[in-house]
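To keep things clear, I will list the structure first and then write my remarks on it.
Labels A, B, C, D and E are assigned to the chains in the order they are written; within every chain, residues are numbered from 1.
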């Protein structure tokens, strides 16, 4: 099994390295890395990782700036990643962190690290243990922050 | 006939279990379940249920958070589900509940339960008794709340 | 020639029946009806009417609620109907009425009735007399309300 | 060479006639006209002009009303025209005029006339003299109003 | 290796010439230029450069006006460029400059020049030295302004 890792030079954290470390620590998987300038370059990178490099799943890692134009770029990138999945019948897990999600650089870096690692674990489950996800259905899982858990009745 | 059930670990209610229970109670149908992390992972799951698992219809079950980013994710997921249907000529019934649709956790859980079950009944009609839907055309049906009924003249 | 009629149980007027009546009154055309729960189910219904039932054109009939989520759903449905047309090279005439277009139920029902019938006449022209549309080019035609006419110079 | 001319009965100016007149006055080109009810019907008309009528380029001519729903329709039509171009590798020049671009009917009519004619000239250049466009690259050309010209340094 | 250069007559700077100069100065690459009227014409131009002219990558160069309609056009063009990439498995680097990104014409021209050149260098890396991009992953690179660098911890 091979996991494609697409990340950007725009991001302010080496997200690809974090993802690869977490994947290797938890499973025996090959990885293929592809770094592009910005998040709008991620979808075609993901598609090439799947179709030209034989990846079974891709992590698309990116950071999103604070301006309305940045938000629009993220939306366009997300729609591109959606198309990639439907054109290839292959999961492409989007790991986007918005710069305005955290109060300062330190908290932002921690959020990037945590969300990337937790999505890496999801990738392992999707590839190797999909039944574990069924067991967690409806549990209010969150990547990067505390899980909110199921609704209290 | 086989119904694909795609749901998420992000949701705060086990929507897949509710859908399967309601389907089994009302019809003799096989089901295939596929749980993914979040709603943006649902479209490719739905497509794989149709193309790789032979499902005749899919229920795409998810909850949507309260932030603008959550709303954008729901929009992207909806566009993905639209594409899945047009690529496969197969209905994929979207059952999304927004967290801000209810005042508290209890009411939200009830809404999730009711809407999921009512859409499960729609799935049965689409598969087995499409003429029943024609009879209800224009009747102001709603899933999860009271039907509003036809316009009063 | 066969006209596909796709409508919904969500609508509060039996739009499919109105469309069929108007079509039959004005032309000799066969119709095929397909009722689905909501407007986001219309695109795949339209595509199936074209590809599986051999329809030469489709009317996609629906009502749109008052909330922002309803408006987003309409946008997604419209994009889906756009894709259906481009995938099939077949017109799919969208007849959507927004609940907030009229002041009360009676006026809304009249609007639904009038717009549906006027679009049915457009469907007949597109299928049987396209040159009549060329004659009306730039005439400020409106469906459901009074025509605004060409610009006054 | 054949130019497809798609326009609408919704528009308040006979845009198709203006476009054809300007094309004929400036070049020896055949035209094929296709009038549809509204701008959301233009993309499939454009695709049919290209694929079924053998047009080498299409002008998609329409007017956009003042309401938010009108603006959304224009956006959906534009996305459709984008898809047509990518599905056919053929330019489809969008000539949309928003009703709120001018202060009164007379100025609006003049704007429609001017923009349509200037886009007709662009169509001729794209088909017959593409190198003329390269010469104008970065010159701040505008269709319908005065050119803004290159940035002043 | 051949780089497609798509630009517009709408822009107020000769972006294509700048891109070609920077590419030629830094690498031995052939270029193919295609100028179109506006940014919404860029996607099909990019696709034709790839499929009909054999380009290995494309730079799509454009300027975006200040009005909401201009912003919507840019969004539509971006979605088109996304589709081109996924249909061709080929990078199409979008270089858009918004007129409201700078305070005056002089600063705007400098921004256009700088961003175009820096993206030209990215194009060279993507084509010839992709491993250099991996080395810069997460470094907070920006095109046109100062790099923001990695997060301070």
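Everything below uses one rule, namely that contacts are C-beta pairs under 8 Å (C-beta built on N, C-alpha and C of every residue); 3 or more make two chains touch, one makes a residue touch a chain.
Nothing here was measured: the structure is a model prediction, and the numbers come from that model.
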If a chain touches chain B and chain C alike, it appears here: none
Common contacts of chain A and chain B, by label, are none
Do the two copies chain C and chain D share over half of their interface residue numbers, or under half; same or different? different
Between chain A and chain C, what is the gap in Å from one C-alpha centre to the other? 41
What whole-number Å value describes the gap between the mean CA coordinates of chain A and chain E? 25
I need the residues of chain E touching at least two other chains; which ones are they? 79, 83
Listed in rising order, the residues of chain B that touch chain C in the complex are 71, 75, 78-79, 82-83, 85-86, 89-94, 98, 119, 122, 126, 130, 133-134, 136-143, 148-153
What does chain C use to touch chain B in their complex? 7-17, 33-37, 40-41, 43-44, 47-48, 51-52, 69, 72-73, 76-77, 79-80, 83-84, 87, 105-106, 108-109, 112
